[in-house]
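Residue numbering begins at 1 within each chain, and the chains themselves are lettered A, B, C, D and E in the order written.
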Amino acid sequence: GGGAGGSRDQIRAVGSSTVYPFATAAAEQFVQKNPGRKSPIIEQTGTGAGMKQFCAGIGAQHPDIENASRRMKKGEFEQCRANGVTDIVEIQIGVDGIALAESNKGPGFRLTPELIYKALADDPFGKGKNKAQTWADVDPSLPKVAISVFGPPSTSGTRDSLAELILEKGCLTDPAMKELKEKDEDRFKATCTRIREDGKYVDSGENDNLIVQKLAANPNSLGVFGFSYLEENRDKLKDVPIDGVEATYETVATGRYPGARPLYIYVKKAHLGVIPGLKEYIEEVASGWGPDGYLAKRGMVAAPEEVRAKNAEIVRNLTVLDGSMLK
Amino acid sequence: MTSPPPDETLTRRIPTDWKGQAMQRRIAARYRAERRFRLIGLASILLSAGFLAFLLVSMLGNGLSGFTRTEIAVKFDFPRAPMVVDPAMLEGGNADQVLAGANLPVVTAQAANAALGEGGDALISSNAWLTVRDAIRDDPSILQREAVLSLPASADIDLAAKSQGTAQAEAAYARLKQGGHVSRAINMPFLTASDATDPTQVGIWGAFKGSLLTMLVTLLLSFPVGVLAALYLEEYAPRNRWTDMIEVSINNLAAVPSIIFGLLGLAVFLNMMHLPRSAPLVGGLTMALMTMPVIVIAGRNAIKAVPPSIRDAALGIGASPVQVVFHHVLPLALPGIMTGTIIGMARALGETAPLLMIGMRAFIASPPGGVTDPATVLPVQIFLWSDEISKGFVEKTSAAIIVLLLFLLGMNSIAIYLRNKFEKRW
Amino acid sequence: MTEQTTPSAPPKMAARHVNVFYGDKQAIRDVSIEIDNDHVIAFIGPSGCGKSTFLRTLNRMNDTVAGARVEGDITLDGENIYDPSMDVVQLRARVGMVFQKPNPFPKSIYDNIAYGPRIHGLANSKADLDVIVESALRRAGLWDEVKDRLKDSGTALSGGQQQRLCIGRAIAVEPEVILMDEPCSALDPIATAKIEELIHELRGRYAIAIVTHNMQQAARVSQRTAFFHLGTLVEYGVTSEIFTNPREDRTKDYITGRYG
Amino acid sequence: MTEQTTPSAPPKMAARHVNVFYGDKQAIRDVSIEIDNDHVIAFIGPSGCGKSTFLRTLNRMNDTVAGARVEGDITLDGENIYDPSMDVVQLRARVGMVFQKPNPFPKSIYDNIAYGPRIHGLANSKADLDVIVESALRRAGLWDEVKDRLKDSGTALSGGQQQRLCIGRAIAVEPEVILMDEPCSALDPIATAKIEELIHELRGRYAIAIVTHNMQQAARVSQRTAFFHLGTLVEYGVTSEIFTNPREDRTKDYITGRYG
Amino acid sequence: MSGTAITILIIGLGLIAWLSARARALRLAHAGRASPPSAPSPAPEARPRGPLLHSLPSYHGWYAAIWVAVPALLFLTVWTSLMPGLVTDRVLQDPAAATLPQDAFSRGAILSEGRAIAQGKAAAAFDPRSNAFVEPYREAQRFYSIGGGVIALLLAFAGGAYAFTRIRPDFRARTRVERLVMLGLLIASLIAIITTVGIVASLLWESIRFFSLVNPVDFLFGTKWSPQSAALGYGNENAFGAVPLFWGTIFIGAIIAMAVAIPLGLMSAIYLTQYARPAARKWLKPILEVLAGVPTVVYGYFAALTIAPAMRDFAVSIGISSASSESALAAGLVMGVMIIPFVSSMADDSISSVPQAMRDGSLAMGATTSETIRQVLLPAALPGVVGGVLLAVSRAIGETMIVVMAAGLAANLTLNPFASVTTVTTQIVQLLTGDQEFDSAKTLAAFALGLVLFIVTLLLNIVALQVVKRYREAYE
């Protein structure tokens, strides 16, 4: 243990539960290739709480790596700086697909972002509270079953992806909203990404397996969760095509299936020379993030070629993040 | 001293007509009430126990298979394998180091392909080369000959063997079975290894040891402190505002959500005292704060139940208040204190939420060596596994629950033995 | 050893060849005795000889002692009380008991007395119950001392007051047989006199058995006396005869070593 | 009211103007009394008059009753026992007590007796302790009955046996003053005689106070008698005089209403 | 000399002090007695009352042992916590220190590697520069630990000497030792206060920040909980109304769960103590206690996947179409089962410790067993039963996982048990483990919720204490 002067011979990472399975896989590879090293400790705290710890300072008692399912925010970067964490290396390790799925016994939805938006928005297109009770109310071509969508809670990063990648897109089908976006970004966000709170959309915590099980038990419901869970549970679930595009590894990786977000790790440069194995660990991650890499086997979606190349460069040079690029 | 009783009503009633119609009816009704009451009691027990049995049965149903694993026999022809390892180099302490660079994964995959046909490497666990590595380390002489090793099957095949797999895997499994390659074995690594990312490689030992250490710290702190506090409050504390304050805050602590204890642990033990994160020490301290009020409350009730005449008797002989308490009250109250300890510790053992805050929700691949080493605990491990993507973790999760319940039974049976031993009626 | 009373009237209670064991230890050996309405029976004998044990077998209170076992026949109005068909609850209501150690409930004085009448439905109204409570407390000689504090706990009374409270509690349900285990041990002469008066008053309508260490008291209140020694019934007969002309040496020894 | 003994020897214990309250209720009013080694003092009086209460103030057992409050001075060998500097524990070791309701520990008979000697370090060895236990049980007249079952629980004894066990327990620590609250209430004449013998034997070296409802017993064992009524000390004096020639009417009424 | 060795040594000295002080007291006791106590005459002869020991010899032993061990150990504790700083200071005097890099982190890392090697905790240096510090560390470590050890031993001897001079027949060793025991008891109970203060302190700061963003009145009395609005530019008004959360907590934890746990737990306890054979009780009681130890995650799964769908189907079948697949009822029922042992075991203990005489008294009146239980035993056992119920409620209020999984996260203010509700603790977990910025109102709300819940339960407990005080009754 020890205070600021202590040392540590074990890598410590904190942060996102989405990145967790990939970080652990990398950790395992790292140990197998470097048998003398202790296994890194990968902690799930959620991206936000992880950022707080990561930015708390330099030293053995602070983590070396932050796993993030979203980009670091400006405020967080400032906090890091204030605590002496100035040189941060930002590495995008891949992409997380979010998928829309239903039970194998379900009616077989085919949706578009617009339909999803109309079904889930609190105030579709700013025209008053959403009154749709069944999917048929949203569009007569859809089955007449009650709207029921299990999805991430408002505190999670996946939820932000849902809003950004699907709802906003659906919202923008209305020209008035496009105008609004230009004029009043805040109003636009509120109208386009606020989800109804009358029980049609069910906040479902962090446990994606639970959503899978609940979907299996409720054949008329839809679920929004990590793509890898869909892959693993194809025997129980099927994907819901959006705009006619089915969710497959290929469509998600290329971004044709809407709903993919970048995954990052943040590394303290100051720790690189001090914590044994830290550099090797990062290299290990980079070695596995290709489409055939071990991370993809775990269900991560590889980032596009050029993104990988750029980040490999960062890993090699340990380029420091420029705070002015953050929002 | 005074006038005789006004026996108007009395004579009317003397003696009570026990055999009369009304009385018989009344007694019958009372007996019915008695039977009802008794039945309700029995039903309550059966319902509660039945619920537990149901949980247990479904856990066993899901989890027992987690204690076995499917193994596939693969023949290795080491002398001809594409690897260069000098057995002499394996003598020193760095055998693992040497073998890590020995291209074993490829060797293993090739051997599997050779033995099981093309695609055979997909049928064995992706970490199967570790088994090969261990075999070589244990007996370097096999490098000079051919050897047949039993490698763990891949998660898909393992599931198929337990008839939970996909159609594809079941077919592959059927083929393997025909070829006589597969066998079922006790999954020893599950009991001796720690967390891993591959369900065929995971083990419970790390979390088990973490729980053990955490509970030890919890017990060592909360039991004495809880008992002493209970004794102080019940036997010695003057009845004043200070005592009330202590009492209220203890009762209140029992109602504080466990997650808040996690926040406390984070703020005090980690940020203020700089104790190590993820450590059983901190987990134990946090849990001790949470368990103590339970022990205090149960302990106080038990102490209250000791008849005053026993205290009088001891005081009357000239026992000091401390002696009265430690010689008489405490032994008599011990069963009740044990009850508090049992349920408090049981709660601590099954608790997840506060540990999320102090860094125990983590991937920790080696068992802790002491209370300050990073560790996780059984319920957190269960929680983590339950959220794993791979379906191979489903049975492991249930198996871990079984282990946790066995742990609980072991822990409780000691306390229960003591409780029964001390139970006295007066 | 069994000196019979007039065989004409059937006895209220009769014990025949009763043995009682606590685990392996035999506390009562082959005791046969009869208890009847028209006389009070006193059980005397040295401490630990089995008086309380025998008394407790008469209303099956020994059922509650783990390891206690009763052999032999005990009848109430000709019914065997150890018969499986016997209604123990009614038995105990009909055969009331005052324990050797006062054991008031941790309830108010009023509720202590009212407890029995309430569960047996002996009162139709609050007023009825008040009358019952008052009369029971009066007959137990406690009314004057507690009439202003009926709401106080029964456990905050003095030893003698507690004992009288327990007597009052027992007679409040008007049982047919009353068993009293040293009802006056903690009582002063005046209170004792009250209780003895009560016993006199009850005799004839109730069968009464009383354990006492006080020979004078036995002589005053009882018509029959049973002398126990080491678990056996040594002698049983008309009180005056036992006291003046005991047949057994052990009885004589006990009686004449009198200090009472 | 306070009839003094010979003023020559300083009294072992002396109570002066003692008042005791239970909450608002006053149980003892302005009682002054002296207890000395060379005589046994008997407290008599009707049930509930405050005898037990007064006895309990003498070794501060009332401290344990919530709401009980004592006023006035009580001295032991000239020291005020209610003085804050008084060591209550040692006081209680020096002033032993037998309670009105027998309260054996739920331990073995042996341990019941051995407890006091153990905590006061009166025995150096197991053999020593055995001797102490045996002699205490013998003096309490219980040895013969329990010598074969010393390992049995003290609560599995008969009422009278429990009472003698408590007496044995109290004398096993050899206190300087012994307070006995109706020590013979549950005892048969023979056991009573034993206890009375014990009291005779102890007199002179120990100061002894005994509460009894039995006038004969008071007359037999005590040299001084104090008669309480409604919390006040009505009369206090040489026993023979109180019994033959009481000065107060209330005393006379109580004594002559004698049944004993 | 290592810390453990010196600690063991001091404890050993304490033991010696215990033995010798006791022996000395025994000698005094022998001298004080006219006749040797080994032959206490069974004859009615009082033991001589010479200058007897006030306290048992073993108390004198304890007194001396405490004086030997406690100050020395206290000193050692302080010393060990100071030593690393002192050692490092001394090492920095070493010429090698000049070569250290300026950057604090790597400087610290090099130093602590050197220290780790010096202490034998590490085999080889990761950074070769550390090797220069191994020897200085060894030296400094030796210097200070020997110094500390010597001082501790001196303290031990001084304490022992002081204690020995005080052994006299009239010395009140027992009183002193017991006073210390008392102090220990007092400290034990003060830990509760310290914990309380710690909790408030760890919640207060963030809560204040939260309340600077959100009006406390809106928070306490607002009926709409919608943290997503806050992030979406609707501002913080109307987004953090905590009433639905508190209602959900009460609805699930104090109403539904208790409706299951109290009857089942109490009746189980009654059956076990009064009707079941002792052998059955011996087994059944611990079996029920297992219910309290099943991890809450397991209950959560069970509630979410088995009970909740069944509840929904049931609700739909009786015509409640609004029934949600996550319901207060499902979570509450399962939670109720989980806390059965809190009620049953504590009630069991307090019922079985009611003296047998009470039971006998009632049975002898002709009461049936159930009447005896209801009217005599239960009232007498009430404090324990109430204690168990309070513990159970406390547990239910604090429970998180079951609700997360089975009752959902929708903050509905509803009386409908088939609707989805959420609780304070659930929201705290969600807010804290989500991926929000750490100083957004959303995350800070977790602390405010915790603080308010803490205060509310505190107030309830104060009220409860007053009530209990009024009804407190004891038997005998």
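For the reader, a short list of remarks on this structure follows.
What we mean here is this: contacts are C-beta pairs under 8 Å (C-beta built on N, C-alpha and C of every residue); 3 or more make two chains touch, one makes a residue touch a chain.
Everything quoted here is computed from the prediction, not taken from an experiment.
Touch-path distance (fewest steps) from chain A to chain C is 2. If you tally contacting C-beta pairs for each pair of chains, B-E comes out on top.
The most distant chain from chain D, with centres taken as the mean of CA atoms, is A. In this assembly, A is the chain whose CA centroid lies farthest from the centroid of chain C.
The central chain of the assembly on a C-alpha centroid basis is E.
For this pair, chain C with chain E, the centres built from the Cα atoms lie 52 Å apart.
Between the CA-based centres of chain A and chain B the separation comes to 32 Å, rounded to the whole angstrom. Between chain B and chain E the centroid-to-centroid distance comes to 18 Å (mean Cα coordinates, whole Å). Chain centres here are Cα means. That of chain B falls 56 Å from that of chain D. Residue positions 30-31, 34, 308-309, 320-321, 356, 386, 425-426 of chain B each touch two or more of the other chains. Residues of chain C found to touch two or more other chains are 89-90, 93-94, 101, 119-120, 173, 175, 190. Residue positions of chain A touching 2 or more other chains, listed in rising order: 2, 17, 44-45, 206-207.
All chain pairs that touch, listed by label, are A-B, A-E, B-C, B-D, B-E, C-D, C-E, D-E.
If you check the complex, the residues on chain D that touch chain C are 22, 44-48, 52-53, 100-102, 145, 156-161, 164, 181-182, 185-193, 196, 213-217, 220, 254, 257-260. Residues of chain A touching chain B in their complex: 1-3, 10, 12, 14, 17, 20-21, 23-25, 27-28, 31-36, 38-45, 61, 206-209, 226, 228-229, 231-235, 294, 297-299. Those residues of chain E whose C-beta lies close enough to touch chain C in the complex are 278, 355-368, 371, 375-376, 379-380, 473-476. Across the interface of their complex, chain B is touched by residues 174, 178, 181-182, 184-186, 188-193, 195-196, 198-199, 201-203, 263-268, 270-272, 274-276, 282, 284-298, 301-302, 337, 340-342, 344-346, 348-350, 352-356, 368-371, 373-374, 381, 383-384, 387-388, 390-391, 393-395, 397-401, 424-425, 428-429, 432-433, 447, 450, 453-454, 457-458, 460-462, 464-465, 474-476 of chain E. Interface of chain D with chain B (complex): residues 59, 61, 64, 89-94, 96-99, 101, 103-106, 115-116, 119-120, 155, 166, 169-170, 173, 175.
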